[in-house]
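Quick heads-up: structures coming right below.
The following pair of complexes shares a single chain, chain A, combined with chain B in the former and chain C in the latter.
After this line comes the complex of A and B, so read on.
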């Protein structure tokens, strides 16, 4: 809470102390962790281990009986099929391993965008649903009820069919300046860096690294104030000037590639496919509805007394939200939010229905070509598991930090 | 790691059903008194479910052929609509006895010990369909075009191969859901729809204006669509020869309507026909070795029909597809096709 001291200039010193003393909802105390194993624990662990060993033995025995030997050598063979879109250069003559990577990156990209969109939608509707406007509350409720009660695949297919039929053909694309919208894609200009582009990027990265180091060191030395304003200005200036300077010195070219209708489709520029946008919309709305409920629950869980106490202290509405409500809500909703995010990552696999080459899609095609279902399913499950585990670890860590801070 | 292993444990449930050695599929069919046959969930002409959920079409008739030969009753074929990506997996996992759903026989698929490719029921090839308004007459003019194709199928490989060989750029839309795929094509999101020629003919009918679309002359792949079973030598033999009976019937002009007449006058028939249907015929010897009803050849023709009968009934002149059997590779070899009737003796 140290930032309240500096930010709340409206409050007299005496009341600042009051802010400190404002009773927070105590973070739920972790259950006592036992260090010694009980017999029951050992029995359960042994049972699980036994089942796992038996299962593995059974799989391998069945496979060898059927003459199948599990192996991952096929990963280095030529894939021979194309994907709808890829973030890395990929062509059919590349290996299965590379197409898995391309699919994984598509999944990660899709999940990240969906994550941001669903959070924004969810928080917005969550706030509206506890807001003062009865119309707003009704709209929010209708939205939540609609989207959490419809199967997401159905929503996806409906939106897809509407999008491909509703948006104009590529030859009649809607033009918004250099941005073209058609039922195939949104085509937009992109900046292309010439040779040696890594130098300005490296320079920018160096600035960020130095700033982060300084901050870290200062935190370790337990100095209780943040970067000063002048220091921030210097960092910002360096972040802009250094890359520009190096670019001029080394003569790195910058070009803008503008989409152009050529033959069947737009070429040049960047593009986001219709299916990508439709999936983002579907999952954004679907998980947005659920996140709205999580946020609403979090907000409702904060006793009115908190707001009243903050008001009594002279905190303005915005300050109340920023320094009293939000920190507590965040701590409460983080675990259910994590649950939403993990679900969202897995739900991106519906993308296969409308032709977005995600991890699930390439994995399915590989199974059909190589007929290595066990290996590919293990790889696919491992990757999804890894993605979700990473996210959970991060949120758990953040949650622990929040809890610790509030608990002080 | 523990989670991974638990996952593996769950998979065992499915995999444990795989028999240690090929053989029991036939026993399973006989004891359960039905042939579980995986077919396309929705492919006009090949397999479409009626209002009662029973599948009808060219592919489904080979499920009925199996049931007629083994159980003496074509109606004991238990047809289940399964998407392409899942059909082979389902079969390997023991979720069916056979599949008759336009599966291309390829070397690597056949090399898989969990699957047996038995006999090709349809010679197909992959082609392209475009809107007539596009003004394209050859697939070679498709540089830069967007192509819609089914996700996970050999279509994707063929497209990649052909366009790489021709050195033509293209963009792929690999869409798993059929409705989404067709909507994408009919709405112009894709310029081209790639699939097996027969599928193009049938999918074209799903548009509001089938005549606005045309099929380009290039056939870029060989697609021998083949019956697939779980490995079982006996079962495979029955399927293979039941199919040969259907081809032989065509060769001698026998079909479901005249079979009774033919059987009634067996002594007057040519030797080859006698060997097919007589009490002391080769088919009866086969039946004893295979453990199937002795009149299996008769039942196949009586209940299902000859090959050309099945073809004409589902895809021929009198259907909306209007395909003439002898214009395709599926005619008998004597009529210029690839269907070679093996001798039964």
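After this line comes the complex of A and C, so read on.
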């Protein structure tokens, strides 16, 4: 059964939501070109074009005066500098293109972890701030107020100082079982797969693909039911058993690499630098506060009548949340949430202040080395724009799906 | 009175333990709040080294080190500006703060910026005076290199001047973007706004510092402060443009049509009818963007401008004061908390008057 009460999806408590709802104006379609362009229009466009051409002319003149030729050839030269941590194998002898890729991957990794953390923090505090406990509400309000009024750079620097001064040196690292926490990094054991590890992965992937296909076909057919419980159990079991079985059959080796203290640092295992953790904490708390406000606004915007009507229809508390509250809140908060996520992606660039090798700090180093500011900034800005555009496209699609479902 | 207060306390306590979930949340939050409060008290009172004590005591204590703040507050505020001339940045800071507070209070008092022309003139004069006072070189004032404009005055100049100059640019961009009759103009404006909003502020600052000087004719010199200011103006303008566009789109179409039917020209209609209403509608979100712009100004440290956050970081670089980072950052944090709190209060007031 699906309950959608269509009448009251209007925003009721404007004082809470409006501040966060205002920035999401629908991108109005640009007017068609062609029928009749006015002279003034062409004149202004020509003026802008002229300024751009003049600027380019000056750039070329300045560069040739400094003995630098413009172009993207430098991308294939040897970078010659090291990055603090990279997700792909990277050496200083690799090309600039590869170091940009390493920086981009670091940014994507950092942004996705921050996204999850800030969402968890934000939803938790958002729920507490409309929850039943007055003490919890007061604490949540204080948290939001504090982080709305502090610059993120200051938060980052404070947390960094606290982490570097507060945590012990590598040799006296705090150990939580096989996890070691020091002021340089957190080292933890990782699983290393031997040869043929792709087989169990492929098996798991196949299960996911089959489940997704079934769901897609189901959605296209007339009756729109979610997967039944038995089906879900079967899928979950297959997801666990198939990879394990294939692993046993093909004899894939699994090793665990545990970090060990050797000399001045840990070797083996995986590690995340203090810088990384501090940035995740900063952006998690900073955007968590703003997401908490978005969530609170969304929850407050649902009229009490909705809950009461659901109760009158005999729905249990859990069903009310699942079928009445959540769909409406989700549709309401998705656009401002997207705003937050886009801001978060952009804000990962403050990593440069503590020396984490993300896209921004890598491109800063490259500019200093090669003096190709125009080319590098075009690349960097393009990549950030692309990342933000990808995310916005995804959320827009999801939002369209949610609204379509409601309209049926 | 006392009985009523007592009643309220009892009802709050009852609410806090009304259900198992409420009780659980109350206990957890209370414990967290008390723990934070206790460590704050420990730092500020119990372990504090008071201003009249010797600075050496700080090394053995765990609390706030007042001697550090006594010694370094002036440095954090004005940085490396020549010591004897620091009355100049002090005057500039004071001027900008007073004028901003006056402007904000006038806006919050209601009406579409009463006496806007007079205010704009004062702003223009103050901005010019600020640059002259900081830089010197005229009227017998000793010249000071922009590299030494540090601390609070540079933070205020960059943030306030950028916001003040970005606002008109943002309004023009928003107006351009909603021109249905001028497709090229609308597209250009939209493309600019979306690009600026899709990239981090740091990339725009880098463009300002590294690319902007290249676009000028050979031999022209731009100081990093000017380059940063220009970058900030163009960056914030895109955000303001979206806020203003929100107000413009919320306006009934009839307003503009009626104004034109009365025989007003486009600019007259815009200035007298459209903008006053649209701006009043978009003021709350404009204030929000302003707070964001003000806070983000601290990022200029990355391009080598020493604002308040940067001077705080420099103040404990001295080996003697190595352990006093928190004191310096606390001072900066307090300043931001108070100034942003003031702006937020103005925003709330505007919001209330916009609704009624």
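Methods note: the second predicted complex is superposed on the first by the 324 of 408 C-alpha atoms of A that agree within 3 Å, B and C clash if a C-alpha of one lies under 4 Å from a C-alpha of the other, contacts with A are read in each partner's own complex, and residues count from 1 in each chain.
Just so it is clear, contacts are C-beta pairs under 8 Å (C-beta built on N, C-alpha and C of every residue); 3 or more make two chains touch, one makes a residue touch a chain.
All of these numbers come straight from a predicted model, not from anything done at the bench.
By the document's definition of touching, of the two partners only chain B reaches A:68; chain C does not.
Residue contacts after overlaying the shared chain place A:364 against chain B and chain C alike. After overlaying the two complexes on the shared chain, residue contacts for A:377 are found with chain B and with chain C alike. Which of chain B and chain C touches more residues of chain A is settled by the count: it is C. Within the superposed three-chain model, A:136 lies in touch with chain C and out of touch with chain B [touch as defined at top].
In the superposed model, A:347 lies in contact with chain C only, and not with chain B. Judged by the touch definition given at the top, the superposed model places A:265 against chain B, while chain C stays out of reach.
In the superposed pair of complexes, A:170 makes contact with chain B only, with no contact to chain C. Residue contacts after overlaying the shared chain place A:82 against chain B, while chain C stays out of touching range. With both structures placed on the common chain, the touch criterion links A:355 to chain B but leaves chain C unconnected. Common to the chain B and chain C contact sets on chain A are residues 48, 54-56, 58-59, 62-63, 65, 157, 161, 165, 352-353, 364, 367, 373-374, 377, 381, 385. Those residues of chain C lying in contact with chain A across their complex are 12, 15-16, 18-19, 21-23, 25-26, 28-30, 32-33, 178, 180-188, 190, 195, 198-203, 206-207, 210-211, 213-218, 242-243, 245-246, 249, 282, 284-285, 288, 291, 295-299, 301-302, 309, 313, 323, 325-326, 329, 332-333, 336-337, 340-341, 344, 347, 351-352, 355. Across the complex, chain A is touched by residues 2-9, 11-12, 15-16, 18-21, 84-85, 88-89, 92, 108-109, 112-115, 142-146, 148, 151-154, 156-157, 159-161, 164, 170-177, 179-181, 183-184, 187-189, 191 of chain B.
Looking at the complex, you find that chain A touches chain B at residues 48, 51-52, 54-56, 58-59, 62-63, 65-68, 80-84, 92-93, 157, 160-161, 164-165, 169-170, 183-184, 262-265, 267, 274-275, 352-355, 357, 361, 364-365, 367-371, 373-374, 377-378, 381-382, 385. Per the touch definition, chain A reaches chain C in the complex via residues 14-15, 18-19, 22-23, 25, 27-28, 30-33, 37-38, 40-42, 44-45, 48, 54-56, 58-59, 61-63, 65, 128, 131-136, 138-140, 142, 146, 148-154, 157-158, 161-162, 165, 342, 346-350, 352-353, 360, 363-364, 367, 373-374, 377, 380-381, 384-385, 388-389.
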